[in-house]
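The structure's right below; bear with me while I get my questions together.
Letters are used for the chains, namely A, B and C, taken in the order the chains are written, and counting of residues starts over at 1 for each.
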Amino acid sequence: MTTPLPPPKKKDPVERTRQPTQPPGNRSREAQGLTAMAAVGRFALQTCAACGQVQYPPRQVCGQCLGDDLPWQDVDPNGVLLAETKLHHANDLFFRDRVPWRLGVVGMDAGPSVVAHLAEDCRQGDRVKLSLNLDRSGHAVMNARPEKPGPNQEDDMQLRELSMDPKDRRVLIVNGKTELGLALARAFQTAGAREIFVGHGEPWKASASLEAIRAMDGVTLFPLDVTDTDSVEELASVLGGKVEILVNNSYHLRPGGAVDRMDMNVSREEMDIHYFGLLRLAGTFGPAMRGRGADSAHGACAWVNVLSAYAQINNPAFGTYSASQAAARSLAQCLRAEMAAGGVRVLNAYTGPLDDEWHQMVPPPKLAPDMVAGRIISALQNGHEDLAIGAVAEEIAERLAENPKEIEREIKL
Amino acid sequence: MARTGSARLGYEGVAVCVPVTIPYSRYSLRSAHWFCGRALAELIKGAGLAKNDVDGFCIASFTLAPDSAVGLTQHLGVSPRWLDHIPMGGASGAVALRRAARAVQAGDADIVACIAGDTNHVDSFRNTIASFSQFANDAVYPYGSGGPNASFAFLTDHYMREFGATKADFGKLCVAQRDNALATPHAMMKRPLSLDDYLNARPIADPLGLFDCVMPCAGAEAFLVMSADRAKSLELPFARILSTIERHNAFPDDPIQIRAGWAMDVDDFYDHAGVGPEEMDLVQAYDDYPVICFMQIEDLGFCGKGGAAEFVRAHDLTAAGDFPFNTSGGQLSVGQAGAAGGSLGLVETIRQLTDQCLGRVVDNARHGLASCFGMINYDRGLCTSAAILARGDR
Amino acid sequence: MSEGGLLSQLMGGILGGGIRVVDLTMTLQPDVPTIVMPPEFGQSWPFRMEEISRYDHRGPFCYWNNLSCGEHTGTHFDAPIHWVSGKDLPENATDTIPVEKFLAHACVVDCSTQADKDPDFLLTQNAIEDWEANNGKIPPRSWLLMRTDWSLKRDPAAYMNMDADGAHTPGPHEDLIPWLIEERDVIGFGCEAVGTDAGQAGHFNVPYPCHYHMHGNNRFGLPALTNLDALPPQGAVLITPPLKIRQGSGSPARVLALVEGS
């Protein structure tokens, strides 16, 4: 049985906010393969192409047959808990702040023995399931939970350090006017968010989604226009110290490329909203969130960028849009590195075409907003950082990994 | 488990002498070079030699970095013709001994100084464990950064459940060692320890409490290896070597460590020595945590696997008892001076067999066993070594 | 310049009393709305301002900003070239309009009561004729300014008053504009809403008639004015120069009025 998460307390004004520290982040090049798997939510280990031996910890030569072809393959994550301990003392500051801390050794069905963070309700001899999660330093760690999860397992305090669970956290959704904005607000509410703030610009333009959000309990609307530095600064001065999860749902899609539709104004709007908008948000909300990365079990934990899958490969039908998304993606990587100092993680959610008016001419499959919002919540709960949503985005990720030139040639106008 | 291959040579004509300890301190501003240098000074003073009479060095240290034994030669102004640096931490003592003995037998060196020393600055222990090995960096330290406490907590937890050992069994061993330590001048822990103290200690990493864990400190242990003839001419009391073993990464398929390399080599060990476990008058086992003592008692043939708890219940482990064990107090009471922990038991064995005890004396000791263990590279200790010494003729 | 010169008299009035200078301009700030076009059309940039330095590491001695906005932002001047009907006229852009046209009389028609009751209120020829009965005939080359007090709506959403069928803001009736040009020879039309045409003018027989006819006849527009309540029905002089932008279709303007009396 997992101890229920204590509800957030009002801040004691005379108590110093716990400063963010990171768990040890020193990893070998081989071990970064684990990070790549954890980032996308896979449980994969090096598996020898010659003899099939599953390797752990990561290495460059097979521990059995000395083969050097060790591709990452999804493996059975289950095993038996061979030993457990609860640390009451740690040499590193991050864990020193958080002891007692539970660890275990898991004998995997796939072969290796694995040292893992251990959920509260696992006992020696139990069947457990391992997952790879990113810790607050952004590196992959093994995490053991009961094979059959018990009630409120998401409340496990150690698990909470590895996830970005919205439960009892305050969320800001930037650009709540869209259908996805509404779906996100609903999904965060279902996931137990403590408060939801929704920013929206150009208030003279009506939006059915915004009206639906206005009718929700526990949701507060704020004026926010990411193209207006004053507006972003103003809202950050009001909410900066409260936001624990920021979702940048800025979205401005116009069809057209560079040769067939050279339009500086449209292209600049795209850049202003997707790239400069993110920059304005980062510069104003980033510092406050980073400073609160360790502020109790409910501190700031995540920054979500809803990006297009075409941020990774240009779709000439939406050519300048894709380029502005690529700029935003690059900036998000910068943001990820900078926010790491506070243990605040950056989740990039790559969407395929949404089922909206701007994709009217795009054939299916198209994404329903509820599905996109649901996937984002689940990625937060599981601590991923790169999320491909829907068949199109997944296919792009796969084809990019396989042969980037092939997909560059094949994306058609 | 039988050894394969041709019969090994014995260690006839080799002497082990001049046991030296540079007194321990919790923290030190001195460098590892200082501890090694002081050890060499004590060795030549004790042997009545000039510095350059020592023509071989075998060094073990974690904190010499960025130097190795090579840098140390210039630092100490020596010009040896035989030099070794053993990166085996807690297993370095008996490994240094067997390397040095063969060098002396072969004539590659006349007098080898085996020195293990480390300093302990504030924060050097954290730095050592934070970059201990690639596997530890990648797959252990990020998990709570508990260092060896966490690793031995796993082994202890598993061992207790597998074999029914209790906290009180480990406590009996720790209490006996503390009793031994009370007479050792350089022991860091000199307050008497009761079983209640042990059982009620502050938890460190369940099931380990405060008195299950060694205290990292600064210090050095050293001894000389030379021919028996040379020792006699220098009028040095010495011990003879009956056998030695070493083994690395034994039993890799065990999902969690319940035994170590000694179990692979134990039959050969006693065959080669020509004496059995029942003839050991004292045993110095590697003891950074009590569970590894239990494994050594089993793997070195004093009882069967899983029998150590029963064995400890049935015996008195103090120097005056029927199973004199870690007679100086061991690392658990003297302290763990880094790699010197791997020579502490060997140096104490030499003292007991050459009548140079600093503390408790085991009466009429003729044979002693010193066993070493080291290097938790990932989830288990990889290196084991051991030596059986006998009282030398004068 | 002699003491009794015309300009001296003017300055004497401004400095010594007798002539008030009234600011008819909205403050340019990021939330000033601009005309909303269907999203597939090009859009006017809103007013944006980024600090260059503020006596800090970016410039220790000075405070200044970079600005961006569309030509038709805030209180602004519409040049004839703005509309397709005026595209080929001579002297039709901000840099070519003869500068004396930036000074003109103003006639102010108070429609504030009607606009308060009906956001879609349209100003008609009949209403102007009623107004002339009280205030005299509109002199040639005057501005016709429609006072609605619409500029008092500070909430951008209320000011724009958008609905699914478009904006609902007061403006001129489509029949009024040709009459004003042909019969009264006005220099242009000014108002308090975001554009010179009524919010629903896109649905008129001639869409956006004020723009179409005024600019097609080389006349001007002056939307998003404020403080029209401080002007007399007749007699004020407006100063309306736009920025001298090459082939500019308009520009934000600091619109001032000179009013006799204290």
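Before moving on, here are some points about what is shown:
In this text, a contact is a pair of C-beta atoms (placed from the backbone, for glycine too) under 8 Å apart; a residue touches a chain by one contact, two chains touch by 3 or more.
Source: prediction; values computed, not measured.
Innermost chain of the displayed assembly, by C-alpha centre distance to the whole-protein C-alpha centre, is A. Relative to chain B, the chain whose mean Cα position lies farthest away is C. Chain centres here are Cα averages; for chain A and chain C they lie 50 Å apart.
Centre-to-centre separation of chain B and chain C, using mean CA positions: 94 Å. Multi-chain contact residues of chain B (touching two or more other chains): none found. Note for the complex: chain B touches chain A at residues 125-126, 129-131, 134-135, 137-147, 149-150, 153-155, 157-158, 161, 202-208, 252, 255-256, 378-379. Listing the residues of chain C that touch chain A in their complex gives 29-31, 33, 36, 40, 42-43, 45-46, 48-51, 155-157, 159-164. Touching chain B in their complex are the following residues of chain A: 23-28, 30-31, 34, 56-58, 63, 82-92, 94-95, 99, 101, 103-105, 107, 113-117, 124-125, 135, 137, 139, 141-142.
On the chain A side of its complex with chain C, the touching residues are 202-206, 223, 225, 227-231, 254, 263, 265-266, 269.
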